[in-house]
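Quick one: this structure, given as structure tokens, is what I'll be asking you about.
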């Protein structure tokens, strides 16, 4: 996907003025959060399960070489062909080669955020393959020529009117404002694709190391269709998605659907292992797994390694008041919200995305809901510090910081400034607030007042009142 | 050096010396097994997931089932050739429509009839309201995949309490496909409004027998 | 939770006041009120006047070099024993959680920071959890709603203490707002870097406040109150901001401030 993260400020302002988007955001995010909270409350062991999941993922990251090797061995034993892509270019090349070697002309795809990182669809299309997104939200935005704006609800920003227009234009369907009818149109249209596609492409929520299985967690049934009916199955999965054992899967299944959409479990969980066995009436004859590094091994080496625990539930997005205000597109890449603000700079390089770690008040709501306990606010703070170290801050900001620190070095200097400011402030505002401040504070006073400094700072009052000098 | 070797070089460097990987799962984990009747809990959770539960005796269930299928506009029924339990129910249901019998192959071939697919479940999970179907032993998954209504025949004895117990049977040598089915196909991708029947069955019915 | 430092529980309780740069300059009444309340419940309050700023704005914006300089000065400004109490949840959280990060590569400073972190409390947390206060003995009256500031609630885990104190004041009609724990949009430098998003968040907070019909909104963080108050003042909404310390102190205290 094209990267536009440093335009966050501009895109956020646009998003705030977009009435349709604001309506959609208002409707959806509160609902996700409410459902999630209810589902969590219904599982008394939720906190213990979070802790457990965090530790399991921690163990995986500590020994990713061992677990990934085990996964590949088991997967290959059962017929999976495992490919490794170091970066996006390699991933595209491998995808195109697989499609060409397998003679694919039509591929039906269920959701994979990792595939968005490497512009997978374009790679296949370049190789002459028609790629149809089958996840309803992805299908809608594919028709619209847009990128997903939320990890689990890609079309969260679209209204039914907009969707009906798209279906009329691209599918020849009559206009309607009935959501069940719209869903029925997509079902009909995509069913035909599932039945004729040569290849099903999926992501992978988990890779089970002791059996070589890929686990897909979906609600629509498209993940199942695409991995049962077509002759070839291609799964595109990040290397960090490994879990050690099948016995560990329930821990994650207790967290992912609850955190994502407030469900006890999704409608479908598919655990697929290798190719069809002799005698199976359905199933792919060929199974390919494209493992993506694409920056993950580099993250594993460093202080942000815990970010690789992420199970892509989007609970952090739903809880984030900044995301709720501007939506996902403003973040300018595949991942948005708190996870995006950390992962995007780590995957594409901080200079290309330095605006994102600042896009947070550090309120901590995300850390409260992360099912694997990633310390997102700590990482945002760390990235802001990295930005200073990498020379990405404006000279103005650095000068201001030095000035402020300089004043704070001496209480006497601070007091002198406060007293002058107090006198001037009272003189110019006569005790009322300030309605216009100069840059860089002008943003505040656009729509908010700011108090005038007190006539006398507390430290002076205290000295007078208690007759002390220090 | 090929890409895989290169990846493992990077991973080993990143993982460094951190001791051996943990061999056994961490202790604890599964919530305490639900007290009381697993079957009653399954009924509750399956219904909460949007499924419809019917209980034996078979004769009463058939009449209710027939009505449900008619109201969904079902005209044709299919079942796996080698699935005796599914065959028995489907064939007994024919006069309650009346319904035709068709095959999974015909549906897969693009038949536009509104269908109900019948299949015996291999297990059911009370914790989550889940029916398990696998491809083990060469069994077909079409009834739960491409039918408009999916009818699972669930032997009461196959209901287990938690996901751990259900998965234990499949860990040693998993089949190509293990499917957890919890209610009908759903989506909320349009205006966050929950709608059933995205790609999979619009209705999931569990017939609890025994 | 009760905290003991091995001191005589009936004797005077030594407290150093950490009055915060923001309150010092813009709302000194908050500082005065804090002293008043602490003394009401048996604290002997010292005010080390060499203190300036805990360094939070520098730390939060990633300028750790400057933050460290201010943190060093902060740690030198306070005595080695007794409690340190502040009317600011975010400043207490900065010292407790931010300083160990700032000094993670300096073992001596780290140890010192950790030791100070153990002794620092936000005002309501100190009153309820350490002094065991159940009735603040305030003569404040009015309909009051409470905003959970992010660092007080999530950073320090202080949720019930302010509510217990507010509910115990006979003249207060206390009403919970919806989304009381939702960020008000201040976020320090965030309000300057992304003012439009910040304002949108403040608007939502003010909507929830107005829906309660309260005459006052209070909080344990002055930054939040200046932010919320700034929007209220610009539009002219019929609700006032007032710091928790000022409510606890009561009607007759702290009128020398400007805000």
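A, B and C label the chains in the order they appear, each numbered from 1.
In the analysis below, a contact is a pair of C-beta atoms (placed from the backbone, for glycine too) under 8 Å apart; a residue touches a chain by one contact, two chains touch by 3 or more.
The structure presented is a predicted model; accordingly, all values stated were derived computationally and were not measured.
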Best-connected chain pair, where connection means C-beta pairs in contact: A-B
Taking each chain's C-alpha mean as its centre, the one farthest from subunit C: B
Subunit A-subunit B separation of Cα centroids, rounded to whole Å: 30
Interchain centroid distance [CA atoms averaged], subunit A/subunit C, Å: 33
Between subunit B and subunit C, centroid-to-centroid distance (C-alpha), Å: 54
Subunit C to subunit A touching residues, read off their complex: 19, 21, 23-28, 31-32, 47, 49-53, 55, 57-66, 69-70, 73, 101, 150-151, 154-155, 181-183, 185-202, 204, 226-227, 229-231, 233-234, 256-259
Residues of subunit A touching subunit C in the complex: 9, 12-13, 16, 321-322, 325-326, 357-365, 367-368, 378, 381, 383-388, 393, 397-398, 401-402, 404-405, 407-411, 414, 418, 421-422, 425-426, 431, 433, 435, 440-441, 443-444, 446-459, 461-463, 466, 468, 470
Residue ranges of subunit B in contact with subunit A within the complex: 3-4, 6-8, 10-15, 18-22, 25-26, 28-31, 45, 48-50, 104, 108-110, 128-130, 135, 137-142, 145-146, 162-164, 167-168, 170-171, 174-193, 195, 197-201
Subunit B-touching residues of subunit A, taken from the complex the two chains share: 24, 27-28, 31-32, 43-45, 48-49, 52, 55-56, 59, 61-69, 72, 78, 82-86, 90, 134-137, 140, 153-156, 158-160, 163, 179-180, 182-184, 186-187, 190-192, 194-195, 210-211, 213, 219-222, 224-225, 227-229, 239, 244-251, 253-254, 261, 263-277, 279-283, 291, 293, 297-298, 300-301, 305
